[in-house]
């Protein structure tokens, strides 16, 4: 064990340049992947927060019958996409309306002595990717029902915005997939190339009577160290960027983050990144070293 | 003790590199292996070291059938043998001292012993003053002597030397030869491949000659 | 020239693996950068579209004097951030209001026979990163003015949304910068490593009497070819992704894209990407080859 | 015509590798360069080829002061000289034929001529049957002969051969030697470094001996 650690260190010293190149590559790779994850997670939570506000409001006719209301309620409860249903009597609606308008425009509404607003059901839908489509479809279904005066589902921008976010989400996923694929390619190449620079040494070790483990262990340790260092530097870089963003955009950030948690570097994120960097280093060196130790390998 | 029976080896070319070679070297014997360029000397030595496989026949080293050793156990064979490679195979990124010490590290020798043995081996080939140089900074003959020092440092039971004096002047060649003969006196089996007819004539060791892959009378 | 092309091809054949690894790396690198650009450009244009809708509405008191109005107008024209100013008389406002409300709720408003709404100035602001802050500041300035009844600047979400987009924009820029830096590192490493695998050959050529140009030209051609191939494959990949997204999300896409052009692969984008891939290949090989040809280079 | 005046070269070690070397080789002359391992033979040849610089003195090759040639013009010097490297310097990824052809491509020879000359050069060293092999598949002596073929293929005006027969058997060595002597007859200047005293004694060429970087009487 001590010998292996010793060999690892002297190996690294001898091929310092290749080692540093590998670490730098892994650092960049993980920084990008990490930042990407950060953007994705936050965009996602942003979307979730916003999309909770999308409701389908079913306005009822003033002369709706008890029967018609029961039919409507049954229909709504039968839809498994609906998360909750709130009945808002016309009195409450009128109070809300007055509240909204009297505050910042004029007070002509206060002068009204009758209530012109209808009762309504406010439906919240479960979060899902095609929620907006589902809401739309359900609204079409309800439109024709007797006793329903009209339907409203959020401001128009909210639907468009949700669709846009869905699109962005899929786009980011695609980019993320490609990125991960690329990272694996780049890291495995780096490790393979770092092994090419050692090919002579490994072959000589085999020639002069080293056991396979004697050869394998220091290389794996080096691979893991490489991965770990890359992971740590990547984390440091992300942290640095976080601090920068915080200092530069303190104000803006706070007003956006209100009611919404920005997840920059969470505990599981750190552990996940470090673990996968070590893992990638290990797997990379394992694969490469197998190539050299296998009897099929041409001298 | 090295025994070969009807060993044949072909690299896939028109003529096989070795053709039904049968001979043996007794424990503690010193033999010269000679023959024209491309005769198969290196091939023969490589087979004994299991860096090449043979197509047919039997090869016994210390009674072990080396064709039966699994790849992951090859190190047991190689730890018995000191091999001087025709192309030296020195690591350019390690110093002379490290190159020789490396052979001992690889078999797990302990540190103090490594220092002492390395120094001794370099002294034997007259290279202590170059111990901190790197192989590309050495002359051809100096590199060759490092390769020899590395092959001898672990006190192997068998020495396979592939033209170990090709780049050496006659004086140093003689000293190197004496080094091998000294090992022989300690009971080491030595196979010494060389083109140097003068050297062969001047000593009284058995001579094995191969030509185009076949044993011929010397 | 023919000889150089010939040498280039035979060079590539001899080191096919390293060549392919380089091309693959460049492909991944440019795909990521390209997709990134696509996301950025679209997000940006999306932001621009949305942010055009942010206005500052200045409601005027019914009893505003001619003097006060002139003062206000002067103040507004003096602000260089204001793009346009529209005066909306109370009659127009009332018509708009009736229009909005009579459509989907009840028709009590139609019953009203007097106009309770004020006149207003609608101010559009020039697009800029801190536009929202500027609007806010200007609003504070106007609040105390005589003749101003109240101020409104967009729905609240629009401000928050714009801030969020600003934040995302900066975030994407940071990631993009890092990405570009990483790409340069990775590509130059790949090319350097591909040169390491040729070091012996280059040195031998110098030794046996090749002119510097004889050595340089095929390597530069190879580097450029590498870059070009990487660029082409990256474009193909992006195009493929575009098609996939189109097929999978035809519907959603169309409804989002309404009124807004999605710029996937534009002509300048293609040319820019290809040109920079060739350039990177050229620069990469130029730098590496200089290292080998310089007299300072240790044998 | 090669002239050296008081050439000194130190690699930074304790003793300089070359110490005030003065001698000249006439056009069309054949000389043996010999001396013990590490004496400075390779260093001397490298200086003539400008792969090493010298610290002091003057070196003229065909009247050119080679110390004054700028790096980007070095190829003009090297095209005059065929160099047999002590460590061969063959490209492992090119076949024997390609290795020899490469030396001609590099100086811009035309295709048809390349085929013919390569074939001829390989015939001279007796390796036409190995033309499609790759260097790692060759015996030590075969590799050495490829290196010789490559050095001679461009019909250089000067040949600098660094122990070109170290890995060859006496018969082939003699043939190679004759090849160089044949070149000499065509007016080529040959410097032939070797340890082979038998070979030196058997021919009547001038012998230059260096020991520890100094010229000594043979």
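Letters A, B, C and D mark the chains as written, and numbering starts fresh at 1 in each.
Just so it is clear, a residue touches a chain if its C-beta (ideal position, glycine included) is under 8 Å from a C-beta of that chain, and two chains touch if they have at least 3 such contacts.
Remember, predicted model here, so these are calculated numbers, not experimental data.
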Exercise. Taking each chain's centre as the mean of its Cα atoms, which chain lies farthest from chain D?
Worked result: A
Exercise. Cα centroid separation between chain B and chain D, in whole Å?
Worked result: 29
Problem set entry | Where chain A and chain B are represented by their mean Cα positions, the distance between them in whole Å | 62
Problem set entry | Between chain C and chain A, distance of the C-alpha-averaged centres to the nearest whole Å | 21
For this session: Hunt down the residues of chain D that sit against at least two other chains at once, touch-wise.
Result: none
Exercise. When you draw the chains as points and link the ones that touch, which shape shows up: line, ring, star, complete, or other?
Worked result: ring
Seminar exercise, completed: Chains touch one another in the pairs A-B, A-C, B-D, C-D
For this session: State the interface residues of chain B toward chain A in the complex, per the touch definition above.
Result: 49, 51, 71-72, 74-75, 78-79, 83, 89, 91, 93-94, 102-103, 105-108, 150
Exercise. For chain C, which residues are in contact with chain A within the complex?
Worked result: 21, 24-25, 28-29, 31-32, 35-36, 39, 43, 46, 59, 104-109, 112, 114, 116-118, 150, 152, 155, 160-161, 163-164, 166-168, 170-172, 174-175, 178-179, 181-182, 185-186, 189-190, 193, 196-197, 237, 241, 244-245, 248-249, 251-253, 255-256
Exercise. Touching chain D in the complex: which residues of chain C?
Worked result: 3, 7, 14-15, 200-201, 204-212, 214, 295, 299
Seminar exercise, completed: Interface with chain B, chain D side, in the complex: residues 11, 14, 34-39, 41-42, 86-87, 129, 137-142, 144-145, 162-163, 166-173, 195, 197-198
